[in-house]
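I've put the structures underneath this note.
You will see chain A twice below: alongside chain B first, and alongside chain C after that.
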Partner chain A sequence: MRLELGEILISDVQFGDVCKVENGILYVSKEEISALVLEDEHIKSVEIDLAKPGEEVRITPVKDVIQPRVKVEGKGGIFPGVISEVETVGEGRTHVLQGAAVVTCGKIVGFQEGIIDMTGPGAEYTPFSKLNNVVMVIEPVEGLKQHDYERAARMAGLKTAAFLGELARDLTPDKIDVYETKPLFEQANEYPDLPKVGYVYMLQTQGLLHDTYVYGVDAKKIVPTVLYPTEIMDGAILSGNCVSACDKNTTYHHLNNPIIKSLYAQHGKEINFMGVIITNENVYLADKHRSSNWTAKFTKYLGLDGAIVSQEGFGNPDTDLIMNCKKIEAEGVKTVIVTDEYAGRDGSSQSLADADPAANAVVTGGNANQLIVLPPMKKVIGMLDYTDKIAGGFAGSLRPDGSIEAEIQVITGATNELGFNKLTAQTF
Partner chain B sequence: MKCKVITNNAKLLEADALKTFDIDEVIYMDTLDIIEVMKTVRNYIHKGHKLLTHPLSGSVKPVETPFKSVAISVDPATLDMQSLSIIGDAILMAEKFKRNENRALTIPESILDDFRLIDYDLIRSGLEGINNF
Partner chain C sequence: MSKFKVVHYINQFFAGIGGEEKADIKPELREGVVGPGMALQGALGEDVEIVATIICGDSYFNENLEEAQKEVLAMVEKHNPDLFIAGPAFNAGRYGTACGTIAKAVQNNLGIKSVTAMYIENPGVDMYRKDLFIVETGNSAAAMRKAVPAIAKLALKLINNETIGGPSEEGYIERGVRVNYFADKIGAERAVDMLVKKLKGEEFKTEYPMPVFDNVEPGKAIVDLSKAKIALVTSGGIVPKGNPDKIESSSASKYGKYDIDGVMDLTEATYETAHGGYDPVYANEDSDRVLPVDVLRDLEKEGAIGELHRYFYTTTGNGTSVKNSRAFADEFAQELLADGVDAVILTST
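After this line comes the complex of A and B, so read on.
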């Protein structure tokens, strides 16, 4: 599969009478977006706002961040199985509004979190402070159940991102990158002297606000399978989870997975990047055994010499991570695992809820228990009234002056386990 | 497969909460201390019950949420070392979070209900797997 990813660079976002892109500026019509979002009978109102890098703006509680994309050549459309028909994507050409994002907010449950600060110390911890964000605060109709509210908010974000992505269809990209993975034997033969490396992509799959979707399927219900990496760039994997926002993959993270991009960067140089094995992180222990057996089986079946394994979340997924690592290593395939840590506020406690000697190559996205003080911002998009109840917050987190003392857990993407952040640790 | 559920989440006691699942027994504990629930699970594991769902389910950290529901096997057999290891690590982790939480967490009832809902949904996803066959 060969995908051309054409980036249209967006340097600013402004309100306008109609949605359009001109000279690198994304113009957003409140009326057009509202009409689109309010097609859903579950949504009472939507407040649309803009947040740009450097502004004194705090966005919270963030549900998802989505990059506008459109498929311009090749089979299928963006976000297959959800927004577009269930067609296998990942080849042809896709256009991206690079530098822009759709951010959804909503108070689905009382302890929700996810903070994006556009300036100040908090901005350093989230990649989304660098983007021109179209923020939607979504209010449900009276009496709507949490599951339905979550689904409505998720769909509103995806529909808006697809709608804005459509603006890029006929534009000439500022930059085009080409990614290609060939069918298995062909790919193995292309670089016979290089080590064959695969990517085991663990997806959060535990329940409400803890789910991920693959081609529209709830990933709790899949068994591990193999994807071409480019399918993920076309939106084959979508986020439905946001609790403990520091180490949850938003849809933006999936679309721009830096492990996939790094593996492609070394493809044909140091390694032969063979493809992606997706797997889940279910609550039922027998599911964990089955899924980790299958990921290990696939690494061997694909003839891999090495595998990168990335986790999503904490606790329950630590067990999946270690099972994957142990079983893959037992097949004779070397692993590097990517995780984050809950090592206590002083960083001295055990980081993960599970461990094994086979996990001897570990990359960390940082310690989620680290404390931070986020100064007050001039403007809050969304609401702050739940801040004491967020993961990483505590009684007194929200101070009278509007500043917040909390663990970096509260910041969207702060300890991302795909490495889409600046934190890590090194041994000397 | 039948199972027992150990929980401090009253939502599981509601009439239709678990009606689609084949549950042998709901062992309800009237406490907001999640570590007590985990220690009860550990006691059952020592008696030979097997852990069926992960005690650190969900991304809301132990202690940050006061609710936990865990499924175990119905009939005791020989001690399952993996179950014991998982529950032991979970208790250590929960105690660590308790140490971190040095300010009393006062949670209004409406938010407790949201925590109950999330815990219920997490155990339900486990029970769906357990009840497949």
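After this line comes the complex of A and C, so read on.
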């Protein structure tokens, strides 16, 4: 599959009468977006606001971040199986509003939403402080249970991102990157002297609001399978989960998976990038065994010499990560695993819930328990009343002056396990 | 400006009093520098003064731990220094443990920053590396010339409240504390670089060396369940409605102990979960789903178990560090034993 990814660079976002993109500025019509979101009978109201880099703005409780994209050539449409019909994507051309994002907010669970600060120390920890964000605070109708609220908020975000992405259809990209992975034997023969490398992509599927969707299928219900890397760039994998903000993969992270990009950067130079094996993180032991057996089987079946394994979440999925690593290494395939740490606020506890000597090459996104003080912001989009209860907060986290003392766990994307950030940790 | 004050601790040997035959001498306080303190004073410079030196025999210290600590602490307190330096102890085992013990006590009891120095294989290292800055030295007093400037460098940073960098940069022995920092490259690029090196058989450095895990041996089976007192303990966050002790939804710093005397069933009106790691709807509707009080009451009535213990213990397992968890259990396991509990049902989520 060969995909051209055309980026339209967005340098600003403003309100306008109609949604449009002109000279790198994204104009957003509140009326158009509201009408789209309120089509859903589960949603009582939506408040639309804008947040730009450097502004004294705090966005919270953040559920998901989504990049507007549109498919302009090739089969299918963006977010297949959910927004577009269920067609196999990953070929042709896709346009991206680079520098813009849709941010969905709502007190869905209360514990598991995050904070994005657009300036100050918190902004250093989240990649979304660098984007021009269209923020939607979504209120459910009375009595709606959390999982229905989650679905409504998820769909509202995806619909809006697809709607804004559509604005890029006829624009001329500022930059075009080409990504290509060939059918297995062809790909193996293209660089016969380079080590064959794959990517084992673990998806959060602990259930009860910890879900990820693949072509519309709840990934709890899949067995591991193989994807072309470019399918993911067209929205084959979508976030539907409410886990700790710091290490959940938002839809934006999936669309821009940096491991896939970094593997492509070395494709044909140091490695031969063969493809992606997706797997899940189910809570039942039999599922963990089956899925890790299958990822290991696939690495062998695809003739890989090496694989990068990435995790989502922490605690229970640490066991899936270690099982995958151990079994893949046992097949003679060399691994690097990407995770993050919960080493306690003083950093002196062990970082993962599981360990194995086979995991001798680890990349970490840092210790999520590290404390940070987020100074008060002039404007809050969303609400703060849940702050003490958020995962990573504690009684007294929200101070009277509006500042927040909490673990970096509360910051959306802070310790991302796809290696999205520069943050890491070392032993002192 | 007055000078920063340092109190220095050494043993009988380095004080020039004698070797093994003098190892039983009691703590003694002398004004100014003694033995290696002279070189240390030189390296610390003019803004810092070693105001006193405490000398103690290694045998005396280790054989009279409590008494010796009390005496030395009183001497340190008298001078109220800005920093306490013990050693260097090189590879002298009893001297090393004495340095570590007293430096930790000064730090914890008096709130005065402390530093010590030893050889990596000194038993004092494993005992105190987590608590203290231990400057790494050679294995004998011949390494004094190198040890002194290394201690002085770290000491000055501590005195001046400067940020202390990593172990290799500052010369101390790794303490096992994870510290965040921003690297030059994003994690994904670091991962690909690491994999390329691993595939080529080149040297690479993992960012997180795997720890060795404890194994807990399962308890012995209960012979007669109908006479057993069973307790419920959970990391599922079940608490009385309103979470009276404000147990955190994640990274818990505490646990709760709650009386369920006469409670036959956990209802939506009386109990809920504080846990931030799962959809709380079903646990809030009926907390017995996580902490099965109702079923245990049935079993109690049927005579299948002796009795349900009148207290349950609870915390949230979500992101809570192993160190905290271990500390909670160390505490309440003693209470469970004292209360004659025969077995615990530990529920998680």
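Side notes on the structure shown:
Note that the second predicted complex is superposed on the first by the 422 of 428 C-alpha atoms of A that agree within 3 Å, B and C clash if a C-alpha of one lies under 4 Å from a C-alpha of the other, contacts with A are read in each partner's own complex, and residues count from 1 in each chain.
Rule of thumb we're sticking to: a residue touches a chain if its C-beta (ideal position, glycine included) is under 8 Å from a C-beta of that chain, and two chains touch if they have at least 3 such contacts.
This one's a predicted model, so the numbers in the text were calculated from it and none came from an experiment.
Three-chain overlay on chain A, with chain B and chain C in a clash. Once the two complexes are overlaid on the shared chain, A:Asn241 sits against chain B while remaining clear of chain C.
Using the contact criterion defined above for the overlaid structures, shared-chain residue A:Lys326 touches neither chain B nor chain C, since it reaches no partner.
With both structures placed on the common chain, the touch criterion links A:Lys52 to neither chain B nor chain C.
In the superposed model, A:Lys220 lies in contact with chain B only, and not with chain C. When the two structures are aligned on the shared chain, A:Phe111 is found in touch with chain B and with chain C.
With both structures placed on the common chain, the touch criterion links A:Tyr284 to chain B but leaves chain C unconnected.
By the touch criterion stated above, A:Asn416 is placed in contact with chain C alone, chain B being left untouched.
Of the two partners chain B and chain C, it is C that touches the larger number of chain A residues. Of the two partner chains placed by the overlay, chain B and chain C both lie in contact with A:Leu209.
Once the two complexes are overlaid on the shared chain, A:Leu263 sits against chain C while remaining clear of chain B.
Steric collision with chain B, judged by C-alpha atoms after aligning on chain A, is confined to one stretch of chain C among 62-70, 116-124, 278-286 or 332-340, namely 278-286.
Within chain A, the residues touched by chain B in the first complex and by chain C in the second are 109, 111, 146, 206, 208-210, 243-244, 314-315, 342, 344-345, 349-350, 353-354, 369, 388-389, 391, 394-395. On the chain A side of its complex with chain C, the touching residues are 109, 111-112, 124, 145-147, 195, 197, 206, 208-210, 242-244, 258-259, 261-263, 265-266, 270-271, 305-308, 314-315, 334-336, 338-339, 341-357, 359-370, 388-395, 407-409, 416, 418-428. Contact residues of chain B toward chain A in the complex are 51-54, 56-62, 64-65, 71, 86, 89-90, 92-93, 96-97, 99-101, 103-108, 110-111, 114-115, 117-118, 121-126, 128-130. Those residues of chain C whose C-beta lies close enough to touch chain A in the complex are 130, 164, 166-167, 174-192, 194-196, 198-199, 204, 206-213, 246, 248-251, 253, 275-282, 317-324.
Chain A makes touch with chain B in their complex at residues 109-111, 146, 204-210, 220, 241, 243-244, 248, 282-288, 313-316, 318-319, 342, 344-345, 349-350, 353-354, 369, 386, 388-389, 391, 394-396.
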